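Take a look at this one; I'll ask things after.
When the chains are written out, they are named A, B, C, D, E and F in that same order, and each has its own residue count from 1.
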Amino acid sequence: MSLTHLDSAGRARMVDVGGKPVTARRAVASGAVVMKPETLALITSGGIAKGDVLAAARIAGIMAAKKTGELIPLCHPLGLDSVEVNLDPTGPGTLTITATASVTGKTGVEMEALTAVSVAALTVYDMCKAADKEMTIGDIRLEAKSGGRSGDYRRAAD
Amino acid sequence: MSLTHLDSAGRARMVDVGGKPVTARRAVASGAVVMKPETLALITSGGIAKGDVLAAARIAGIMAAKKTGELIPLCHPLGLDSVEVNLDPTGPGTLTITATASVTGKTGVEMEALTAVSVAALTVYDMCKAADKEMTIGDIRLEAKSGGRSGDYRRAAD
Amino acid sequence: MSLTHLDSAGRARMVDVGGKPVTARRAVASGAVVMKPETLALITSGGIAKGDVLAAARIAGIMAAKKTGELIPLCHPLGLDSVEVNLDPTGPGTLTITATASVTGKTGVEMEALTAVSVAALTVYDMCKAADKEMTIGDIRLEAKSGGRSGDYRRAAD
Amino acid sequence: MSLTHLDSAGRARMVDVGGKPVTARRAVASGAVVMKPETLALITSGGIAKGDVLAAARIAGIMAAKKTGELIPLCHPLGLDSVEVNLDPTGPGTLTITATASVTGKTGVEMEALTAVSVAALTVYDMCKAADKEMTIGDIRLEAKSGGRSGDYRRAAD
Amino acid sequence: MSLTHLDSAGRARMVDVGGKPVTARRAVASGAVVMKPETLALITSGGIAKGDVLAAARIAGIMAAKKTGELIPLCHPLGLDSVEVNLDPTGPGTLTITATASVTGKTGVEMEALTAVSVAALTVYDMCKAADKEMTIGDIRLEAKSGGRSGDYRRAAD
Amino acid sequence: MSLTHLDSAGRARMVDVGGKPVTARRAVASGAVVMKPETLALITSGGIAKGDVLAAARIAGIMAAKKTGELIPLCHPLGLDSVEVNLDPTGPGTLTITATASVTGKTGVEMEALTAVSVAALTVYDMCKAADKEMTIGDIRLEAKSGGRSGDYRRAAD
């Protein structure tokens, strides 16, 4: 077994997708920001303010998905069909982030979904760090992908 | 307590750092990519190839640190003094990433260090995903920061 | 009626264009920079210098059209077929800007044409602001679009 | 009188600010999106959804201010101290946008404030264009600036 | 004969490729960094260090190819299929850089290959400049292109 | 002797400039595009059109100088004080490009001047390539630098 992003001499290269068919592809990734319950309460409760941390993180994640090819050296630039980012409290101090990306193209959108989750998480960290320096970003992983030669994938439940 | 990145009506804003003193600031962040031991072996062993996944991730992390202000909506653009990214195997299937950023400025560089770790981890994921879709990126956190009004911080050991 | 860029819970999302047909699309937008007649004279008259404000604004507008997907959070990244930006004096102190963008794709190029006009106008402002701080940028609007499911559109005369 | 951004042969150049003093500078710009009253109602009324058009535009404006030096050919890259963008209904179909930018530096931040207004307006247009193609963006102008050699400026009331 | 990137009035424009067929296109470009033999020895010899200048330059070249449409005013933004950058010593003080880019599209990828070579060369310069300020970057040229209406091209041997 | 951009284990890093003094720094770089005399005549002669190739290249070079820290992996992001790019015919088929960059900062601006020359040259190539595929970009080099600890430098005449 070998790594597709290295040539036979071990040098980094962008894999040639020229001969691959154009198909509808979709990927879902998730991750979580774990924080003090009080910090999560600051984000999710209280009047008109409640929207803006989540809205900012959602938009930062969507915009980052569009920048994936610029951030990850060997990613192909892609004309995304859609990106969606959701942030939901799933525990006393846990904010779970899910991103779905899709494209009609020659290569998958796993990296776009994972990048959207990562940057949405960093945005939450940034906006809350004055209140809680100990937040941790974790469990960033691919949940599912479809389309393309390698077939559909769904992560096994933990 | 309230979130500094929201004004009194809860609207997102970039905090005004105009009146803050210019000081030497430094931040260290870390994170890990957890993968199959065989995947880690593909990265770290074997002839001339061994360098390029780690070299690509290191460079992607450094370049991402410089893009932090572009990715995170309310981050200040900063003229970084230095960025350093290291990737080291710390267990059978664990690659630990550490990033250090420094600046002489009015605001801290936590987000730059965290962004470097995140994008270096995404680059490892990208270059190895054909071999291992189940990799997880986690434990992204601030280890230490120094400089600035709020004093030095060092994360308590787990 | 509702806004397509918000889901049913009012959260921003990038509209999924995956199922839309690829067609030839074109959009024309216009706007104006209103300034003192003397300022316009500095731009349009006088020897070899005359080209560079207009040339700089034209190029800035074209380059900005290519950045639209990066600037506008929910815009799809597009592989533009063409962009053209023209700047013409249309009154004693009025410089009218027109931009045309086209693509063969699943979604329209209104935002690309409008962004080209806006950034060309800002470039004129920047290059002339030492001479005239009171310039106003206005009347930025879609003139016409063609291609796509919603049919052709032409703005009614004022 | 001549244009500072052209040299004596009329060629575009970035004005040398190397000898200028570092001072605290601030600029305020404004503009408006004029739309059908029903469109404005879709943005400003109604349940949880109401935040996201305004939140997206606010964030797009702030992020664009940080990109000003990248969009406008002869603008100096600046390390902004703060950016604030507000969007307020000021008439039956008028949404007024105000942006304030500040820096401690050698050159003013008019272009950053004007760019923030322009891109926030374009974002509103984008998110509402399916409902209202006739929206117009206008009256983009500098309201006030302070700091720097040329003294304070406040636009005369209309 | 005239320049395709200027309209009949001599104004810059992005050539309209809307009517051109989509074909597989490929371009190869090359260039060289000429330096002191001792400088080249620092790059190519010596233990574990040897990889990183070449790895950094290779990655910088690949990432720059993806940014071509952002750097060159009238280039079309392209969804590249592949990019490959190689750096090889070809004389006592000569490091030759070759880049190959490919796309399935309406317009060629010469500029992408040439940009990859240029930025890889600049990266070598940057990393070695403390040791050798006299390095020269030269002989940047198109070696070959295929695909598209104008037929295949191969540069004549010198 | 060793390379400053590699640590003792040969890994790429951004050199720490935190302890270096802030001084006025300036760098001049040059390069040339060599083409058929007829191609140069298309650029430099003839009516109103003559300005736009040179104007586009000048602006592309200035904008690229501002992007240097984004293109070259280990370059520090800099707040440039000025950039100037000139293009002058210096022989029957030779267009010479000179760029000057300056900053008040902790690190030099050689890379900014060299990047401006390179991207201005690529822009000329792009705009003329339909007329002349054999153009060569060469002789890109540092002419002079001043400011900073290492003292002034002026390249010896050939």
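We adopt the following convention: a contact is a pair of C-beta atoms (placed from the backbone, for glycine too) under 8 Å apart; a residue touches a chain by one contact, two chains touch by 3 or more.
Which protein is which chain? UniProt says A, B, C, D, E, F = Cyclic pyranopterin monophosphate synthase.
All values derive from a computational prediction rather than experimental measurement.
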*Does B-F or B-E have the larger number of C-beta pairs in contact?*
B-F
_Let me spell it out: compute each chain's centre from its C-alpha atoms, then which one is farthest from subunit D's centre?_
E
*In terms of residue-numbered contact pairs, which of B-E, A-D or C-E coincides with A-E for over half of them?*
C-E
*Going by the average position of its CA atoms, which chain sits the greatest distance from subunit A?*
F
_With centres defined as the mean C-alpha position, give me the subunit A-subunit B separation in Å._
16
*asked:* Nearest whole angstrom, what separates the Cα centre of subunit D from the Cα centre of subunit E?
replied: 37
*Would you mind pulling out the distance in Å between where the CA atoms of subunit C average out and where those of subunit F do?*
30
*asked:* For subunit F, give me the residues that contact two or more of the other chains.
replied: 11-12, 48, 51-52, 55-56, 59-60, 63, 67, 73-74, 77-79
*Name the touching chain pairs, please: which are they?*
A-B, A-C, A-D, A-E, B-D, B-E, B-F, C-D, C-E, C-F, D-F, E-F
*Sites on subunit B touched by subunit E in the complex*: 48, 51-52, 55-56, 59-60, 63
*Write out the stretch or stretches of subunit F touching subunit B in their complex.*
7, 11-18, 69-70, 73-74, 76-79, 105-106
*asked:* Using the touch definition from the top, list the residues of subunit F that touch subunit D in their complex.
replied: 24, 55, 58-59, 62-63, 66-67, 77-86, 102-104
*Mind listing the subunit E positions that touch subunit F in their complex?*
1-6, 9-12, 31, 38, 42-43, 46-53, 55-56, 59-60, 63-64, 67, 71-75, 110-111, 114-115, 118-119, 121-123, 125-131, 133-142, 145, 153, 155
